[in-house]
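So, here's a batch of structures to check.
Presented sequentially are two complexes of chain A, the first with chain B as partner and the second with chain C.
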Partner chain A sequence: MSQLLKNNKKLIYPGFLWFLFFFIFPLTVILVYAFIDNFLRSGTDVNFTFDNFLIIFQRKHYLLLLGRSIRISLITTFFSIAFAYPIAYFLAKKTKYDKILIVALMIPFWVNYLIRTFAWKLIISENGIINKILTSLNIIDEPLRILYTEFAVILGLIYTHTPMMILPLYATISRIDNSLLEAALDLGASKSRAFFDIILRLSLTGIFAGTVLVFIPVLGSFAIPAILGGTDSMMIGNIIESQFIEVGNWNFGSAFTLTLALISLAMIFIYSKFFGLQSIYKNQEI
Partner chain B sequence: MEKRKPVFLQIYTLLFFIYIFLPIIIIFIFAWNNNEGYNFPLSGFTWKWFTELFNDSIAKKAMLNSILIAFISATISTILGTALAFGILNSSLKNKGLFLGLLILPVLMPSLTIGIAVLVFFRTLSIPLGIPSVILSHVSISMSYVVLILLGRIEGFSGNIQEAAVDLGASWFSSIKDIILPVLMPAMLAGWVFSFMISWNEFIVTYFLIGNNVTIPVYIFSQLRFGISPKVNVISVLVTSFTVIMVILYILIKASLSRIKNAKLLKS
Partner chain C sequence: MEKYIVELKNVVKKFGNFTAVDNISLKIKEGSFFSLLGPSGCGKTTTLRMIGGFIDTDKGDILIDSSNMKGVPPNKRSTSLVFQNLALFPHMNVKDNIIYGLKKRKTPPDIINEKLKRILNIVNLSGLEHRRITELSGGQQQRVALARSLIIEPEILLLDEPLANLDKKLRISMQYELKEIQKRIGTTFLYVTHDQGEALAMSDTIAVMNDGKIIQTGSPSEIYNHPSDIFVADFIGAGNFIELKALKKLGSKEFGNENIHLKDINDIQDNVEDRKNQPEPLTNQSNHVNEFESIICITKAGGKIIHRMKKDNLRKISLKDSAQNMVFFIRPEKISLMRNLSFKADNYIEDAENGTGSRFLRQEDIDSKEINFYQGIIESIIFEGPDIRLVINSNQAGRLKAEVKNERFFLGLTVGSSIDFFWNIEEGTVFF
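Here is the complex of A and B:
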């Protein structure tokens, strides 16, 4: 029988080699570039250095950028939890049409996020829909400047990422046994006490899974700030892009990319230590 | 438990649905609006943006490239991903958990890091950018999703049927071809549609690896950066309609999968 298992094991190789060549090796090359001062195979001397990282942490401009990116990601994650939680709770506990409503929610999620970001550009631009409505109602005289601000970036990020928060929340809340809540109420807990001590506490796994699923891609986003943001609302992704596309400083760009990768990996690692990685993908309902 | 209707939650859910759908509806409306400015009141119905889009050779190229890339990546990643998932679960492999954890990293890591890393890797090895490079990278991402989709299906049936077939004299190859593949086929179809969608929507990795070629998301992005025209609305309408059809297809396949599962449970 072990021959059978050995043969089955061979099925792993093609996919794993592909994964090795086009995922693991490229990340390793980034790791190398981040710690050297020149192009590999450039013909000139290549030396080991920490300078690429020192620049990030010494220049105020880059520190501000890193701080802003983390701030934007935290705000986005917070609001996507706040927006998604009531929906997830309603779908999990208060309606019998949850399956069909989840499908309805997921359809716009699959619409390309550039298209959905474009829609927000139309809504918030200077002569866009919001400004038109507000001026015609005489609430404001001059159009509000929303587009090309950090606020616009956050608006777009929340809009595009909230659905990713709903799924894990919905999955964990629906698994909570209703009788726990009944017991708490029977024993005299107030409704809010029962909600906080039972529902909220038992859905923490979902909140953390959703946080991983939202915070990481938001921190690495570059298209949404490029479309909705101005020069003072750029994020890490935009600096990385310009290093590779315009400036051509691969070593510094790699150091920034590695920083982003390490923050993400650290979050994934901490999450998997506590909850196990399965809980992320089992909640995704893919 | 609660007799009172959750009115607040119902209203909130309704508002949330409006919030999620309204921007997409607005995109649709302006695809047929006569005026180039994006403003209400609407200024009349027109198909002219559609003809303008179909006369745009770059847009046409983008659509063809997107379909080509998504089709090829989905096919390769379904084959490799299915083999991976089955091989991991039904072999003597140690550290299965670690292996799977590694394999789902492309799902969790920011695509920016993947796009940049592959760009630097290819440039260092002097591999030219373009459609083949995009496919190479898309497969390594969508393969992870295929593995995730297939895992659930493979965990559902034990490797025993394969053992039984081999015990009864089937070759290993025939046990895979005649026993395992037919059982996994519906899940593979789901995996294929899913990875098609991943590849079809993927922007960041494509943007860095496509060179001077173009796909639909890259086309839309360049249009959005430099002034917008209702042509973008039209391509959005086309892409969105196609996407919705694919998502519904995916949901139908998934639904029939769980029906098969339930039928089997009932029988046993």
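Here is the complex of A and C:
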């Protein structure tokens, strides 16, 4: 493939055009809108301004939303790692049916995630399955209020994003040579010690990749909080969406979008520093 | 009394219907270099991994230092394994790899440093302790793996074809190094390989395995010079296998007796029966001759090979029902070449005068019945540097591979020229 591309440089044009039109162009629009005070229409004055950004940091409401979004994203990422790791480890090292199970893991993706999210609504609503079972078993008297809470939002987000964590983890763990674990055991490490020293250590790149794949989309998500969350569990995605679609203030929406993108970048940067990923990547060039 | 550090007693291991290790028993002397040699799939690696504790045995016992290892995990055994792919930890540098085992044993730092220093010296890696594994050459990685296993001072070091991934020159220099290190530290090495040259070069004892069984155990020279069956003969080194149709007995008296009595194989059997009933007749011959007996092997092609063999072995053959599937085996380098007397006689004498005349045979040597002497035609010549390999076709012995040293004497040989060749009647083996 790469040889084909090398010899026929023109083959890259369609992909490049696609990228230009659907990625670079919209991004440029957002970048421009974020720094002006009006729509780009003939007959209106257009001024360069930072006001769109200042509003975000001046209003307590928006800062609260920003904080909540980051908190929800962190919790979701943490629990998806916690759930995905054992599953990925099982798939990579403990079963020979991993290929089939990976496909099975993908089956829910054949159904649109909005529909799956509505299904959660049925499960956790006041007269949903969970409450019905708990009341009929006399564990609770009053139905629990799960739907329209931050908990429900996190639940929905973990549910939709955990497979995104499983796949990169599975890929890295299955690439770790079993003989490394055997060597650690042979040299006197206990089973748990060998797991931490070898498997966990060498799968940090997978954890990192999974985190990027989960944290960023979760930070910007709007559909799941809109369906499962209440007014006090809105996320930034909801604000951005309403600015573009309901309010019609593209300038403010664009500024918020850029802010969110910068926050994501910054967090990933800090995270990679914290994990010392450079050194891991360097070591894995085998 | 010599101490055996590892003992296997009737060990069996099955994977599903496949018997990987089939009732193996062996003893490994403390401080020796012991090799398990066999083709891939013969069960040698399974045996090694059972001793290391990575695989459970189905039946039988493994004793290390006289204590039974049943149910003892690898981290509780006094063994250490050098893996085929080395299994060095990619995220650690040389030093951290080597001291991993000591750290898990909670060894105090000053002792760790001391041992590290010593082992780096032994494996010749001093100064490289802060290098990444990926920055090392194949041979250096090899030595890190060795050091990592040796530093925990195992009673037995298990090596699973650790040289298999190195190129030929490096492999040979590592063979010397391994042997040298083994001698210096005195640890028992159990080495698994499919490379017969490697096993011969390094081992004190070799056990040849095939189909989950140990076929023959012995020193390298025993295994090479006296293979116990066709498999071992064929697996270790090259050889000529000449099919036989009958064995006959050479004159029962002295060798060189012109009056050769040819008898049938059945006659030999009768003879054995006779001997069982009568005490050995006392003769004035030496013991040596008493133990050995000369026979004539009749090849399928109708040629004759005189062979002197142990009487014990002859008895075993004679107990066989027929001469079917009997094979005479001789290694190529046991066949000596000499130029045809009729061919360039002048050069021949010149060679003799120059001191390379050892290939000059006198008629009386040929007549003595101490050698098999044939004439043949050279069918092919392969020049391999130190050695020259030839294929010789002769009416009496058939098509044979021969191997001679690269000496001036042989340089003039060409395909199609006729050549005389011979071997001592004590060389070779009859398999039945």
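For the reader, a short list of remarks on this structure follows.
FYI, the second predicted complex is superposed on the first by the 249 of 286 C-alpha atoms of A that agree within 3 Å, B and C clash if a C-alpha of one lies under 4 Å from a C-alpha of the other, contacts with A are read in each partner's own complex, and residues count from 1 in each chain.
Just so it is clear, a residue touches a chain if its C-beta (ideal position, glycine included) is under 8 Å from a C-beta of that chain, and two chains touch if they have at least 3 such contacts.
Quantities reported herein were computed from a predicted structural model and do not represent experimental measurements.
Once the two complexes are overlaid on the shared chain, A:212 sits against chain B while remaining clear of chain C. Which of chain B and chain C touches more residues of chain A: that partner is B. In the superposition on chain A, A:268 makes contact with chain B only, not with chain C. Touch criterion met: A:182 reaches chain B and chain C at once.
In the superposed model, A:107 makes contact with chain B only, not with chain C. Judged by the touch definition given at the top, the superposed model places A:47 against neither chain B nor chain C.
Legend: residue contacts after superposition of the two complexes on their common chain; A:190 is shown touching chain C, with no touch to chain B.
Contact with chain C, but none with chain B, is seen for A:202 once the two complexes are overlaid on the shared chain. When the shared chain is aligned, chain B comes close enough to touch A:222, but chain C does not.
Contact with neither chain B nor chain C is seen for A:58 once the two complexes are overlaid on the shared chain. Residues 182, 185, 280, 284, 286 of chain A contact both chain B in one complex and chain C in the other. On chain A, the positions that touch chain C within their shared complex are 177, 179-180, 182-190, 193, 197-198, 201-202, 280, 282-286. Listing the residues of chain A that touch chain B in their complex gives 1-12, 14-16, 18-19, 22-23, 25-27, 29-30, 33, 39-41, 83, 86-87, 89-91, 94, 101, 103-108, 110-123, 125, 127-129, 132, 159, 163, 178, 181-182, 185, 212-213, 216-217, 219-223, 226-227, 237, 240-241, 244, 250, 253-254, 257, 260-261, 264-265, 268, 272, 277, 280-281, 284, 286. Partner chain A is touched in their complex by these residues of chain B: 1, 6, 9-10, 12-13, 16-17, 19-21, 23-24, 26-27, 30, 37-40, 80-81, 83-84, 86-88, 90-93, 97, 100-114, 116-121, 124, 136-137, 139-141, 143, 145, 147-149, 159, 162-163, 166, 172, 175, 194, 197, 201, 203-204, 208, 216-217, 220-221, 224-225, 228, 232, 236, 239-240, 243-244, 246-247, 251.
Looking at the complex, you find that chain C touches chain A at residues 52, 54, 73-75, 79-81, 83-85, 87-91, 100-101, 104-105, 132-134, 148-149, 152.
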